[in-house]
């Protein structure tokens, strides 16, 4: 009889919840995204305004914590999801996202899209991209490492804060970066890097907080991080180190759900995403590079950002296939 | 309301290791002193009548009716303990008023009765005091006031004046006697004081080893011919 | 046997907890039914290491929090007029309300690689201070959270010792040692297993602190593994298996703790005393003062760091920010709702347990139900909120009601998670009041709601308000459930704090941490005032 109280309570909660269900209406598009996108300082408000002006409809954002939570949310909701569009997955997640069978081909032209390495996916449409980078405090460190190799083999006194690949996207990014550079030697490289790692935080926020508090002179972040400090805070103290081996790429994408096929606004939105009206909101609100042309040139701070010597990236299916094994390998080295 | 007879008919009760068995027949309106060594079962005897303990066999009859299974509040009985008779956070008037309505929903008539009971026990003017602001004697007067407003035919007292001084104790005994004269309730009072027992009770029930070992008029019990165990107990 | 309303209320409370946890498990198990392989694969050498570390750090943290707390509580109990005592106790409630990352930053501001004491510590150790990372860091942060909590709970146990015993001790000329052995230790020992169990459970489930201060993935708790299983790998089978393991290990340890200690005995005659005489003298006075000041420094240091960091933020702008207003209001409403639900649940459980204890024969062993009402319900603490959240999410999908689920879940989970704390505050007072009033209430026929209104509530109001404040503080700082749903319908202060931190606005986050602390302190003051103003009559008690 275990199910009886369960059903009862489900009914009870449903009753409690009934009052606040959003009504489904015509001329309405629901977009699931992560919360820093919809934050008042994020690109969400400008995007909403621009798209609503274009379509004469209503755009609703539903925000969850991050890209991983987006996939989980969709997986949990399945075909009953309210989402027409899911915006905020990255290339580490697209393979698993596609495998859920909950996304439909976008059917829009990718002609305006410009991301490093090109783009020809039939389901996911990019809206911005960035490179992982080691950001350093120029007041605490005069000469940053010039390559990943220098970082790995450098002085143990210059500490770096990194994120845990089990719980964080940049953490996984560094794991892939090391793998892309060192291949089968990645384990040995991690064993050397370990001494320079001050601590491994669960997410980007904790790591960056420790870094700006002066706990360590380096942190794993993005090549665009210095642009934030320069534009928003007027300081050039924090800089990204250019690595000779190149930098690992992260492309952020959106896609239409199976449910969104029935809503013509969904396709319209994906198309809108690659226009300047959308892209203008990206650089100084999402602090990433736009995936298509903006109406005005970017702030010079972006122009000064590190230009990677090479773009490193694994194919999504390769990441999906190896992620657990690679994380396990990382754990073994780092727990020793 | 006048008193009601109390009869314990082959009442058996076990408390941990100790097994007790009581037979007792108290007439309506009678005053009985219950005496006996510590741990002999005096309080248990009262608790069985009040309904705080349930016998494993036998019957408790009050006013001829079987009360064995009745919960305490439904028995025609009031009980005054040695302490903890009052709720510390409620003032005097409310503590008494609880005797009339357990929800403290008092009618004008109830309030008048409360005032009258407090006047009768000499507590006029102290309606608003909290128990912590009263002396020990005054607190027991409040308990007696509540007995008055409850107006039940049987009154049980478990060493109610044990912590009071001699003069105060005499005063309280006078009050108790006076109330009994007015209301005619049946009284069973546990006490260790021979003078208290003599002053109040016509009969003495002597409890020893979990049973009523003797039940006889006070004069007889306190005379040379009294049971030897009782005489040893009072140190005669 | 006639059913007692109090037992029914307790069973209803237990039922609610059971539904919350059971429903979540049912949802996950249903989802896992498709593929159970993850459950078996979870048990490997890596898991063994993680489980061992989880228990090891939790055991050490408990020892280091509880042992000093006993001394500090005793010092505070022996100096009722210690200057600033009230403020110290309020400060001691604050760590609970801080999100783990804020506390970690506070600790690092002092003991970190760039901390205030880095130069001094570096001078001692010769060379550059590496920062308090690794096990020492984890332990320091856990003690920061739990030493004040344990101190408050122990102090409560000491203050429940009847005043007569203190007078007796003073009269007999008992020294500090004798009165500790004969009076204080028995009271502390009765409270010890419960307090230690609570602290242990909190440390078992530690997540952010262990990862952030642990220095590397060698420091990983089961909670991290569960989080990883659910969030990154989406493997419900593994999550269920790991949660079951976490609960089983904790039950085993806490059961062992309970075996060591005596049961909580309520003193029947308890006359809530006027202030007991301060009995400490001479050298002891200085030792106690040093103890209190040391613990204060330990707790206030990181708090001061939070204040200093917060003061650097643009507080005026933050205070004028509508998003901050909304988040503060949301936090207060959610915390208040969970706290009330929590206290109601705890009262129901305490009442039912006491009623059952009185029903059974004195020498009989407590029944399973009675034990569940007592310690059993506390184990809900080690069921990760993310498991409850995800389970219900799965269970309710298809109903189309997921949007509205988040606030309900936040309230329910926080209420249940705070319940073990509330129960610890409420139960001794409830039992003592019951021992005093039971016969009288039975005789006068006061029962049901009248009894609660007239008799029981006034007697437990003070501890209930303490419990309320505790529960509110806990709920204020919570992020667990919200983090999963991340629903914009429940933007609380900690959530906003994390959001700002997650988009470079570190200063804003520091300001919000300060605001969170101030809000919590305000709540503590309100609760204490409620105790002082309306609770005064009981203070006088019914002295003999």
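Note that the chains take the letters A, B and C in the order they are written out, and that residue 1 is the start of every chain.
Throughout what follows, a residue touches a chain if its C-beta (ideal position, glycine included) is under 8 Å from a C-beta of that chain, and two chains touch if they have at least 3 such contacts.
Only a predicted model underlies this, so the values are computations on that prediction, with no experimental measurement involved.
Think of each touching pair as a link: the shortest run of links from subunit A to subunit B has 2 of them.
Comparing each chain's Cα centroid with the centroid of every protein Cα atom identifies chain C as the most central.
Mean C-alpha position of subunit A lies 80 Å from that of subunit B. If each chain is reduced to the centroid of its CA atoms, subunit B and subunit C end up 46 Å from each other. The geometric centre of subunit A is 35 Å away from that of subunit C, both derived from CA atoms. Shown for subunit C are the residues that touch two or more other chains, of which there are none. Across the assembly, subunit A contributes no residue that touches 2 or more other chains.
Residues of subunit B found to touch two or more other chains are absent. Only residues 269, 272, 362-363, 436-437, 439-440, 442-447, 450-451, 454-455, 458-459, 537-538, 540-544 of subunit C touch subunit B when the two sit together in their complex. Remark: subunit C residues 15, 18-20, 22-23, 26, 46, 49, 101, 104-105, 108-109, 112-114, 128, 131, 133, 207-208, 211-218, 220, 224, 227-228, 230-234, 323, 390, 392-405, 408, 483-489, 498-499, 501-506, 509 touch subunit A in the complex. Chain contact summary for the complex, subunit A toward subunit C: residues 2-3, 5-6, 8-10, 13-14, 16-22, 34-36, 38-42, 61-66, 68-69, 71-72, 75-78, 80, 82, 157, 159, 164, 166-167, 194, 197-206, 208-210, 212-216, 225, 228-229, 232, 287, 324, 328, 330-331, 334-336. Considering their complex, residues 16, 50-52, 71-74, 77-79, 81, 83-90, 98-99, 102-104, 130-133, 136, 139, 150, 163 of subunit B touch subunit C.
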